[in-house]
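Two complexes follow with chain A in common, the first pairing it with chain B and the second with chain C.
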Partner chain A sequence: MNLAKIRKNLTGYFFLAPFIIGFLVFGLYPVINTLALSFTDTTLMSGHSHFIWLDNFKRLFADDVFLRAVGNTWLIWILNFIPQIGIALLLSVLFTSIRLKIKAVGLWRAIFFLPNLLMPAAVAALFNALFAYYGPANQFMVRAGYLPEAMRFLESIWVTRGLVIFIQWWTWFGQTLIIVMAGMTSIPVHLYEAAMVDGASAWQMFRQITLPLLKPILIFVFVTSLVGGMQMFDIPFLLTDGRGSPLSSIQTNNILMYMKFASSKGHIGAASSVGVLIFIMTSICALGIFYFLRDRDLDAPKTTGKQLLKKNPERSQS
Partner chain B sequence: MISKYKFGTFMLRFLVYILLFLLLLITIIPIWILIVNGTRSTTEIQQGISMIPSTHLFDNYNLLLSKGLNLPRGFLNSLFLAAASTIVTVYFSLMAAYGLVVYKFAGQKLISNLIIVLVMIPMQLSIIGFYRFMSNLGLTDNYAALILPLIANAGAVFFGKQYLESMLIQDLIDAGRIDGASELGIFHRIIMPLAVPGAVTMGIFAFVASWNNFFNAFILISSIEKYTLPMLVQTLRGDVYRTEYGAIYLGLALTIVPIILIYGIFSRYIVSGIAMGAVKE
Partner chain C sequence: MRKSVFVFLSLLVVASVLLVACGTTTPAPAATDAPVATNAPAATDAPAATDAPVTELEGTLNVWSFTNEIKTMAIAFQGRHPKVKVVYTMIPMTNGEYQTKVKAASGTADSPDVVALEAAFVKEWVESDLLANLNDLVPLTKELKTYPAVIQVGTYEGVTKGFSYQATPGAFFYRRSIAKECLGTDDPEKVQAMVADMDKFVETAAKIKACGTGDYYTVGSGAELFTPFLANRAQPWVVDGKLVIDPKIVEYVHFAKMMRDNGYESGATQWTEGWFAGMNDTLKDANGTSKKVFSYFLPTWGLPYVLSPNSTPKDGGGAGTGGDWAMVNGPMSYQWGGTWVGVLEGSPNSELAKEFVKFVALDEENLTNWATGVYTNEYLKAIDPTTPDDQAQAAGDFVSSQFVVEKITSSFDNSTLSEFLGGENSYGAFAQAAPSVDGSFLTGSDDAIQRALNDPLAAYLSGTMTEAEMWAAWLDAVRNEFPDLIIPEPPVK
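So, the complex of A and B:
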């Protein structure tokens, strides 16, 4: 080892030192702390803390509050993800179509993305006001004759869930569109030209060329959306009373964790165990997606989960 | 045959524009109602929906402040926090990205991979432990708890790495070295000015993320004079404003209008920032 090489090595570490120290202190240590807390009965109010093995986890599975929160989270995520990816795929095909030549694609895309940047807390409060008993939604429905009289929308389980699903879709379809469309425009045009010469239909081209080549992007969208969706908090928390009313129908994982954290005693041990379980569940599902959707075709270039993630982990989404 | 195809294209195009127009309405109407209702009196709002702004903007504003809600304070708090978060994120993330792109050292690959894993780790796994840690340090109810973790912002480092890799910077670095500049000096005086477009994109995302961040602030900040805008929005729903719809709408509108303005100016950077990386490699 010569001296110049060592010095160069050290300079690299020098530039990365803030990141590494920041990660160890503010990233890794809190995670270890959470893991450790999840095995204890620690509360914020009392000083004592006992190691109670897996009791927190057993308790979570013993009553149905936790499982219901998990179920709610999955339901809301899946029902917003399907139309989100559906619209994104449809619009991407239409926007990139040589036949249709849609005008002002950039502008449409930019407008559809706008809701993504708005403060979720304000959006939730907005929809809370819009769907209040004396709110504009009731005014419209009653005057147009769709409802005989004003309805308490936010006391109906399915209207409330529907609203959370709609808001999530409204927030994220623009971003998914931008990512999917970027993936589609990177597919070489000559593939489509060759298919057209062979007399392929639009659907055949979509099925045989677009979808297979888009798979890495789709997996990326799928996984980031899953990770984001399992953390959903602001919208369901602020749309109703902060406990997932009515009848806990929009109580998500994170709301449950927050409720344990903010309970009168501050059960941070129990709250940690919720966080740990959600992490385990999310990781298993994400790895499952990579495993089942990976390229099994030997001719196709191998794509591993890691490479897929490398493409764009800039923002996780729900 | 040809004319039939053309007619089909015409009809299809027509349907597509109808679809786009419907999606446009769905996207815009909630935001538009929000802004318009901010200018209408509560009586007007109760009389029905309108898409035309009214004249009660200042009445609503005075009403909003009269109930003890310190919105200007919240605005300044959020602005300070977002500005500090942006500076910390951009500076340290570019620095780490620069280190990863320019130097070869042991563990480089490991750190690159670590960054990708980190982006995927949900905040639920760390927030409780983080709260405990901060409360032991006496940093709860302190903005430092919201700003310091951004020194290690994995998503931003990844973006910075992608960006710097797309620039040809090795020659510039060599030139800087020949001129006798220090390694840190090269980063500060040569690389940072050149990376401004990437830094702007990264900065906008950091700003918006901080401006909109509710959960972390809600967990960590407790005294009301330190409340950020999303936290004040939450109090807007409470009993005090129960019947003052105009004021509620205005309060909500004021929190999102700055972001809409920023987006109006920088939408190009934002859209390309999201698309970037998705097509790379």
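So, the complex of A and C:
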């Protein structure tokens, strides 16, 4: 009888094994290896390396290049995340509203998701060409009289940052919309019906029903977007010169790391130290989000994702 | 309520769809890869691979490069050694992708056997332990009279690790029609006298501007002059682990600012659409006013790969500028670019790889064929039917062997390129400049140091940064890429 139980457990472990092994080899090992590398002066171009304690980290704080990159990353992420989650929430409310009953929701959603399918490289190259000094944006703006003379868009800090923020928002709000909408449709309709019977306004329903029940989903969106945002690379890298031009204003953490990795001898030790600091920073922030958005009243009857899932079939029938 | 919601949704859709449509239909601009000229001269007969080599080579060779040029040679190599298969990989080096990719691949199972290395970063590799010793190929250079600078660049501490098929002295190309209109003559000797040094060059630039009432620019981009200034430094970038800011660098920065402020340059970024548009007279400012560019600083390869292919407008409109160009030495002698080939240490095919390097850079027949336009599409397709249609190598690339150069110079007297230059034989002019080229100032750190200057310099030129801020920003950037380099005080504080 016991043997049967063990065998049953073994089967479970057997099915888990591919993921665990994959995680250890491709997930955990690189993290530990990066940490180890960050204490050395390893380069790609020479065979030998030395243990140099914290020198790589000290150098990062010797001038403001690293802190500027961190600042850029946060700035670009926050300015893209606020409108992204805002628009996603607004659209989700509109799409799921039982008062408005908007038609062809699936079609709208698919259209908003489309930009996400574009290659970041193509998008970046497109915007680079559009906003070049002799590019169409200038031709249009000047001839239409919006600008007195051609402007160097990609040499202006705020235009360039704005473009990165816009592209990030534009390619990702569809994705966020889908997730948020999935969360909203899983909220039982009878709660809204009851609220409407009690004469609640749309805002009251949103504030008192939607938001609390959407919290698990919002935490998920928040954390994944944060992790993605801290690793932002492709668009800012490809939009200008691959070094965060102009004036390093779109030089993100990952671009700085890549520059150290790619420069002359390939200083992977120095690049790893940037990676380690990004890892620590992102981890602290993600844990912080979980902590501050945790369920504070554990005694009260919880309506969390788990329970929502149970109620789901009920809703689909209604 | 519902109506306004619908309007709002529609607006978002319009924004999404419009941009998506743009994204899918507008081809991404090819930033730096110089288009290969397709106007190959008359084909010679099918490949003559019949003079059998002494030992039949066989095997598979992995070759990586950053343009498709060497692919032509790889096909020709397969023509000579039919049992050899060359697997060719092209990775563009727009923002340093190629350099990073090769670095990351070396020493792994994906490592190529042969790598192409551009002048900007060849020294990094020659100074490292990653390239194999090719000293036993050096004796071949004697007979070919390979230009000394070419060998010098490929050598570090007495060990030669790379060879090039090109020598790359630089020149100054100008528009004959504008010279006639603004300077009163288009005669190369007289024009050379007007741009003989930097002071005269600036005087001429002022004349060009005045004569075109502001619609004529002297150069497409001030950045073109960076290489000439670099070539005339007294010291390389790095001496004894210390960054050296040569007075020529400071001079260049001031010069570039002066060119921009006075409107002597078009303001286009090098290797972008606007810069190329000046070559075929389709440059228009934002108001739609036509602008003309008088001259371009380009080296040997710039003529067949950059200037000539871009002299006809891309959309077919307009006559193009072929025949209206002339070439002189310009205010400073310099060299620019060039591609070296080396064998990666530990390559399992090192002997075959060495043969390939020998064929590419040290083979009289190959170099002759390369420079004289023998590698036509028909020739290449006879060896490998899958060859793309634009693979042909037009005549005119300047090769590294003085012996070959002397042999073939006269064949360019009536060539397409000479017609392009209004009858001038560019090959002969380059042949005079090539022996004096000096490669000793290249160091492994050049690429990263120079690229770090672009962004602060652009900010200084457009006025968003002061000169002191520019130097500080550049030195910060260099410090962050070279943990061990000693950084001097900025020239201006």
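One rule holds for everything that comes next: the second predicted complex is superposed on the first by the 271 of 318 C-alpha atoms of A that agree within 3 Å, B and C clash if a C-alpha of one lies under 4 Å from a C-alpha of the other, contacts with A are read in each partner's own complex, and residues count from 1 in each chain.
Here is the rule we go by: a contact is a pair of C-beta atoms (placed from the backbone, for glycine too) under 8 Å apart; a residue touches a chain by one contact, two chains touch by 3 or more.
Worth saying up front: this structure is predicted, and the values here are computed from it rather than measured.
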First (chain B), second (chain C), both or neither touched by A:Leu114: both
Partner chain(s) touched by A:Leu94 [first = chain B, second = chain C, both, neither]: both
Which superposed partner A:Trp170 touches (first chain B, second chain C, both, neither): both
First (chain B), second (chain C), both or neither touched by A:Met45: second
Chain touching more of chain A, residue-wise (chain B, chain C): B
Contacts of A:Val65 with chain B and chain C, given as first, second, both or neither: second
Touched partner set for A:Thr210, first chain B, second chain C, both or neither: neither
Touching partner for A:Tyr13 - first (chain B), second (chain C), both, neither: first
Touching partner for A:Tyr134 - first (chain B), second (chain C), both, neither: both
First (chain B), second (chain C), both or neither touched by A:Arg143: both
Interface residues of chain A shared between complexes with chain B and chain C: 87, 91, 94, 100, 102, 108, 111-112, 114-115, 118, 121-123, 125-126, 128-130, 134, 139, 143, 170, 174, 238, 258, 261
Touch list for chain A against partner chain C, complex: 41, 44-47, 55-56, 59, 62-66, 87, 91, 94, 100, 102, 108, 111-112, 114-115, 118, 121-123, 125-126, 128-130, 132-135, 138-139, 141-143, 147, 149-150, 152, 155-157, 170, 174, 237-238, 240-248, 256, 258-267, 270
In the complex, chain C residues that touch chain A: 1-2, 5-6, 9, 12-13, 15-17, 19-20, 22-24, 26, 28-29, 94-96, 99-100, 103-104, 106, 121, 124-125, 128-130, 267-269, 272-274, 277, 283-288, 444-445, 447-448, 451-452, 454-456, 458-459, 462, 464-465, 473, 476-477, 479-484
Touch list for chain A against partner chain B, complex: 8-16, 18-23, 26-27, 29-37, 87, 91, 94, 99-102, 106, 108-115, 117-123, 125-130, 134, 136, 139-140, 143, 170, 174-175, 178-179, 181-183, 185-186, 217, 220, 223, 227, 230-231, 233-234, 238, 253-254, 257-258, 261, 268, 271-272, 274-276, 278-279, 282, 286, 306-307, 309-316
Residue ranges of chain B touching chain A (in the complex, touch as defined): 9, 12-13, 16-17, 19-20, 23-24, 26-28, 30-31, 33-34, 37, 45-46, 48-49, 92-93, 95-96, 98-100, 102-106, 108, 111, 113-116, 118-133, 148-149, 151-152, 154-155, 157-159, 183-184, 187, 205, 208, 211-212, 214-215, 219, 229-231, 233-234, 236-237, 245, 248-249, 252, 255-256, 259-260, 263, 267, 270-271, 273-281
